[in-house]
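What follows is a pair of complexes built around chain A, which joins chain B in one and chain C in the other.
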Partner chain A sequence: MTNIPSIELVNVTKTFNEEKVLAVDNISLEIEDGDYVFLLGPTGCGKTTTLRMIAGLEKPTKGKVLIDGKDIEGIPPEDRDMGFIFQHFEIFDHLTVWENVTFGLEMRGYNDEYIIQEAEKALNTVGLSEYSDEYPSIFGNPGMQKLGIARAIATGAKILIMDEPLGSLDPKVSKVFRHELRNLIKDLGLTAIHVTHNQEEAMAIADKIIIMRSGQILQMGTPYELYENPNSIFVANFLGETNFLQGFVLKLLEDSKMNIWIRLGGPKIICNNFNNKFILDDNIIISFRYEDVYLFPVDYDFDHSTYDWSKMQIFKANLEAARFVGATKRFYLMLDCGDRFLSIKPGNFEENFIVGEDIMVGLDIDDIHAFKTPENLLNELSLT
Partner chain B sequence: MVKINLDNVSKSFRNFKALDDISLEIKDKEYFIILGPTGAGKTTLLKIIAGLLKPKTGRVLFDGIDVTDQSSGDRNIGFMFENYALFPQMNIVDNISYSGRVHARDETQTQTLVDEVLMMTLLTGRNDAYPEELSGGMKQRVALCRALLNLEQTKLLILDEPLKALDAGLRMNLRRELLLMAKSKQLELTVIHVTNDEREAMMVADRIAVMDKGRIIQVGTPHEIYYHPKNLFVANFMSEINYLEGSCAKETEPSWDIQKRSEQGDKFFAEIHEHSVPMPINIGFKEIFAVYVKKQECNDINHGEKVLLVVRANHMKMRIGDRVKDKKNAILGRIVRRKFMGVFYRFEVLIEINGYDKIMVITLPATSEVHNSFLENLKVTVYFPKELGMVFKHPGEDVIKEVLKLE
Partner chain C sequence: MRETIQKTENREIEKEESLSISLKVEKFFSKPIYRKGLDAITIIFFLLVIIGPIINIFSTIFLNIPAIKNDVFADSLLGNLQWKNILTSLGYSFSVAAIAVGVDIILAFPISIILTRYNFRGKKILDAIVDLPMAVPTSALGFSVLLFWGIFGVEPGFSLIIFGHIVFTFPYIVRNMKIVLEKSNTLYEDAARTLGASGVTVFRTITLPMMKQGIIAGAILAFTRSLGETGATIILSGLVETSPIMIVGFRRQLELPSASFLAGILIIISLALLFSIKILTRKTGFPIKSVWPRIERFFSHKYFRYFRDIMALGVLIFIILVPAFYITAQIIGEDFIGELFLGQDYKWAFLYTSLINSIQIGALAVVINLIFGVPLALIITKRKWGRFVTFLDTILDIPIAMPSAALGFATFLFWGPAGLNIFQSGFSMILFVHIAFTFPYMVRPIIGFLESSNKGVEEAARTLGASNLTVFRRITLPNIKQGIIAGCIMVFTRSLGETGATIVVMGNVRTVPVLIVDWVEANAFPSAVFASVIVIIFSAFLIFALRAVTKKRSD
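After this line comes the complex of A and B, so read on.
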């Protein structure tokens, strides 16, 4: 594992159909050795085109794709050290498991001894050696993808290119297999690039996530960074479950930090996490995660509690419904103006709130983000 | 008012037994979920209720009246199946308002209703679009609108994977709308909703029927099914689990454990005593897990019998080092992997049992404390509250492999 490659895209643009369709719009990114990276975004965001350019299957219209510092165009395909895993497997049904793995090695003209050694090692690694003489049809979908990985690493792939590799799995199977997939790839020290539209899958597996939209990169970082500090409404909504409430700027406060008072449809709150410059009366969207909403009985004695309330903002809301969802409980809440939001608590959260009555809601100032109200909010929230 | 009863319903397609002796009662105004993996027989069951398929044997009753031989049209149901069946030559509004029942209604009233459902499903402004111009998610919502518009008279709404083709954001939104609509005082609907997503099921259901291989395995509230699953299949279907193989170490009688705690005035445990009995499980070396099991659930488990001890990943707890009060119920291990998942962290902890390595999965809320203190390679003690351990008769290695998809 001495020479693991890294990948770099420099100002890459891709157009189709005589420049009428702009698929990828001037993006730059770096992927470090051994990182498991996700390209995540809705249908048509350019993630698959980006992946195909990294794989050398598509030539950029402008810009460069560098593998380990070298322009990919100068590297012959067989020396690119890449393996491909697709949604529909591309496994040869008429060949045995063993033949599927040795096929690529034979094509490269290695001697028998080397082929046997590498194929055995690869099948061992993915835990399929006992199936060598079987045909792939005995496998379920996870088995097929493991065979795909064995085939890739047997030929010396250091980079795995994966396009919706969990896309055709039953949801329950996918939830189990995704952890196995990550562990396998991390243990092998491979660099992996995985395209999906499924945010839960990305959060569960990724070291880093690149969120794309309309051919551009909106934000990239670790799942933790993106989750804690989304730079836009779109990202906040796309990763995890987030509340959005509309309001306007009531007052700007110039203390050590820039604070703003925001009037929601009822309560007013303070916010200090934002990237935009706001002026008085600006329309604003605030976001906060479901799990960051604290709940108290309406007669809770805040004055005589030991909790540090200095950063907590309290207001009233009506409890519309409450649902037990196993690991969590979900509380559906409504402000006087009719705007709705949600709170989730652990499944064993003890309460005796009554549906239909008011409860007190608490928000920590650090958990609230403010954004300028976009022209088409539904678009930003993928609700179209 | 619509109450539905199925009596011993079976259905086969050629030699394939799609439904095997299903008996079920769905109460009036209930939000009822049919949950199971692909191929469990969920849609077949739904079609039999809707009158689109006839059972081979058994009866279907609506409010006590046998409707087994009634056509679908006579049953007055609003339904929506996976392949939306929209009319390609009609625009959205016509597709939604097309139905003899709706046309018999006053025009302006229909218009108001159409506007309402379009707003709820965020389709407002697309009235004149034709199905071919719509994305899969939009078509799904149009089909949902049409089902909702038939409700005025039927009070029974049947939904087959109604949210499947939708993006995550929209799906969350519509779940809430469906739930609030079903529970609204004006509509008082009975809803039967098929899904393979356990979280969706728990989010909306009053009761859930879990199906597998043409049979109903368990019916209950989300709480019952989650905390008291009938077997390994149901336990695993509802969330990620850990299991340990062992044997029932003692007769299931109140033991020193309970009495000692009661003497100390620990009311919580005294209360558990009334409904549950402690069941010590021997997992083969010094650790012996004492688990509280509901009395009726352990009646058929005998002393010395092989059992599975199952604990949900989110019911496991973890402490750094080996300082745990109750050492009997704890295992030492090492965090080998941790992954931030958003609301929670997922940990894999390596433990050793009888010389074998085993991975225990533990999920903890992603608080800053968890973020900062539980790091990879740390030595930890894993344990769980006794009342959250679940015990099943050992179903055999093959069943375990099949259920947990360990191929």
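After this line comes the complex of A and C, so read on.
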């Protein structure tokens, strides 16, 4: 295998309405052969436009799109040999299921024998072979999208492009369907790009995730990397359930660590200061996941426990409420300074905390991420 | 899914690639340069056939100012009598149009509600019959109205013109009101009722504002049709001269400067009306703020509703439907065999040739408008040329709004001896005029279908490897097929029924509507009745075909 990426975007910009709307803002990315990559971001972040530029349905205003190292500018979509799967299926409803699946093969001028073989194979793959003579109107949404997938893979295209392919499906159906989709893509050895605004979907089946916002790429990496090391408040907030607290740097410590004070009256805790990014008195935001918050009774004896507490930050908080929501229990906590945060535990978590009383909270240093306080915090914390 | 993936190594088949001829040709001609070429030809055709004559008539007026001044304002014998006559004719035209449209609107409210919100046996048939006068040649309708009101001793003149115009403009208004009523959501009305509004209040505050666009569009369309109508008016006018009749008169007496002057005035008026649609639909408000719940609750009583519905149906039948089709009953009593088939002047031969002419002109207009109409519809819906597309979209409707006699005269000046001198009066000139005034009727329905059709499937087809033209043939065309058929039928119907534009450019050639006018003027009533009934039956067939085509869409 070569080192040339399968799909590469170099400084691509796209504007609409005579440069009034900036949809994609100077992005570059590489997608390796055989990778299943997600473009994830809120509505209007430019992910679909990026996808359409790769497929040739939109022209980049600036920059280059390379496929296997070759610039494909000026090549119309019909000659790019990519499979495209649409959110709203875009099935040809005046053609039968069979005619839909053979459409792309026919356009490539293959002989009849080959067309029949490949179309049958594609219909078998999605389990629709018994419907080949029917019109697509008999299908519900899942059937429509299966047909959409069969139609796209039948041509033998090695790159599969998907724009919210599960977005029109019922949430429960989509949860099952997404694993089938991933298996199919992996079995066929396709390079796939999948656009979605659904974080959970991306986390569940992606090889890599590219997070976009306002036309720019914020971060790319494996689901694990993004979840464990978000590089911005937005990414931390967008993936998973996250607490944010405001504070400032009280003291710089050795080993790239710092002591911070969560507002006046709040607890003082130690967290990482990689590359000594922060200096004394910096205003910062710390984030930690709901599930990373440990809870102990207020009289817990830390000194005589077998666990290594050296990395754990312990402080007191008031338990405002506890809610049982099936698989999980949620604990609503408040600090002395008035800031609130949440802890999430398995539904079978055993405790005898009393609502309204103080409990002890533990946070692992490595679970706490610190960010500079942005000028517009609300904007960073909004999910759009 | 996973289990069903079949390993295919053991049945590997050689894939040969050879595009079929049609795909190759389409791929070749899908290159941008050919598309640009077709766009250019289409736009040139459009501008030349439709806009050329209009621009030309204004330059003619400008160049002939002295002659116009001499003929119209300062004739050596008559002084400015011509100008006074023109003003009188404009007065007649406007009052006829205003009264007819006013009556139509009042009647159209209950009728359009009955036809959309009620369910009863024979609703579809009533709906088709209400539409029918739109398809029948106005000269046949006018003749029928003449015969019907003749029973009650109504002589040709101002009031008879109004009766005639009410008949053929009514469908335009009902049609547009029905469209908005069908589109509007009855849930809003239900919501208003649950909030305590009575029937009349709901209508005034909820239904009426939703119908606004339909009412204004329908009213202006009907107004311009009435303003420009010739065929029925000639038959019903007696000594009264409306403006289109006056143009026909000027043309017959070869008073070309006066004719172009009046045609120019009419064109300006109709353009002003056309552009006022866009402004009016945006700015007009209806009184929804002040509320008179008690009075309206009183009038919401169901007896008032019954009264209203019965009155409306009565007026519809007695003022519109019976006068329009009274002529079909007349055919039994008339001795058309003696006059038409046994007479010395071979009337049946004239009828036969004019029928053939009408059908040929209609068919050719359909073909030519189809060739240029589809590309123009694609340009207006697909090209991203900003203002230019808006401009094309707006001027496309000009021929609908313009009096056809004025458009016909403009075309005569542009292509005829006085202008480019390419065509003489006669068959080809009639064809040219018919192409011009029917063009929007072809393009509009296609645009409608293109706009409502899903663009995603076209993109899907392209990602699957289909070139632009292949996408058009395999995907777009099946989706807009009904729009194209509807356009073809509309063009043919309008061409078949046209009188004014034909009279101005026909020379010695006759079409059926003109023949009916000739025969009525020559008092050859039995033959005129026979010719009218033939075209009425023919048009009825066409309108039922049109409804069958457009109905499928909603299924």
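Simple rule for what comes next: the second predicted complex is superposed on the first by the 356 of 384 C-alpha atoms of A that agree within 3 Å, B and C clash if a C-alpha of one lies under 4 Å from a C-alpha of the other, contacts with A are read in each partner's own complex, and residues count from 1 in each chain.
Everything that follows uses one rule, which is that a residue touches a chain if its C-beta (ideal position, glycine included) is under 8 Å from a C-beta of that chain, and two chains touch if they have at least 3 such contacts.
Quick caveat, the model's predicted, so the values are computed rather than measured.
When the two complexes are overlaid on their common chain A, residue A:E78 makes contact with chain C while staying clear of chain B.
Judged by the touch definition given at the top, the superposed model places A:I91 against chain C, while chain B stays out of reach.
Contacts of A:N183 after superposition on the shared chain: both chain B and chain C are touched. After overlaying the two complexes on the shared chain, residue contacts for A:V126 are found with chain C alone; chain B is out of touch.
Of the two partner chains placed by the overlay, only chain B lies in contact with A:G140; chain C stays clear of it. Where the contact sets of chain A with chain B and with chain C meet, they give residues 183. Interface residues of chain A facing chain B in the complex, by the touch rule stated above, are 42, 139-140, 142-143, 170-173, 175-177, 179, 182-183, 197-200, 203-205, 222-224, 227, 237-241, 289-291, 320-321, 323-328, 330, 332, 340, 342, 344, 346-347, 378, 381-384. Here chain B touches chain A in the complex through residues 37-38, 122, 167-170, 172-173, 176, 179-180, 183, 196-199, 202-204, 222-223, 226, 237-240, 312, 314, 337, 339-344, 346, 348, 363, 365-366, 371, 404-405, 407, going by the rule given at the top. Chain A meets chain C in the complex at residues 55-57, 76-84, 86, 88, 90-94, 103-104, 106-111, 113-114, 117, 121, 124-127, 151-152, 155, 161, 180, 183-184, 187-188.
If you check the complex, the residues on chain C that touch chain A are 1-2, 4-6, 8, 11, 13-20, 23, 30, 454, 456-457, 459-468, 470, 474-475, 478-479.
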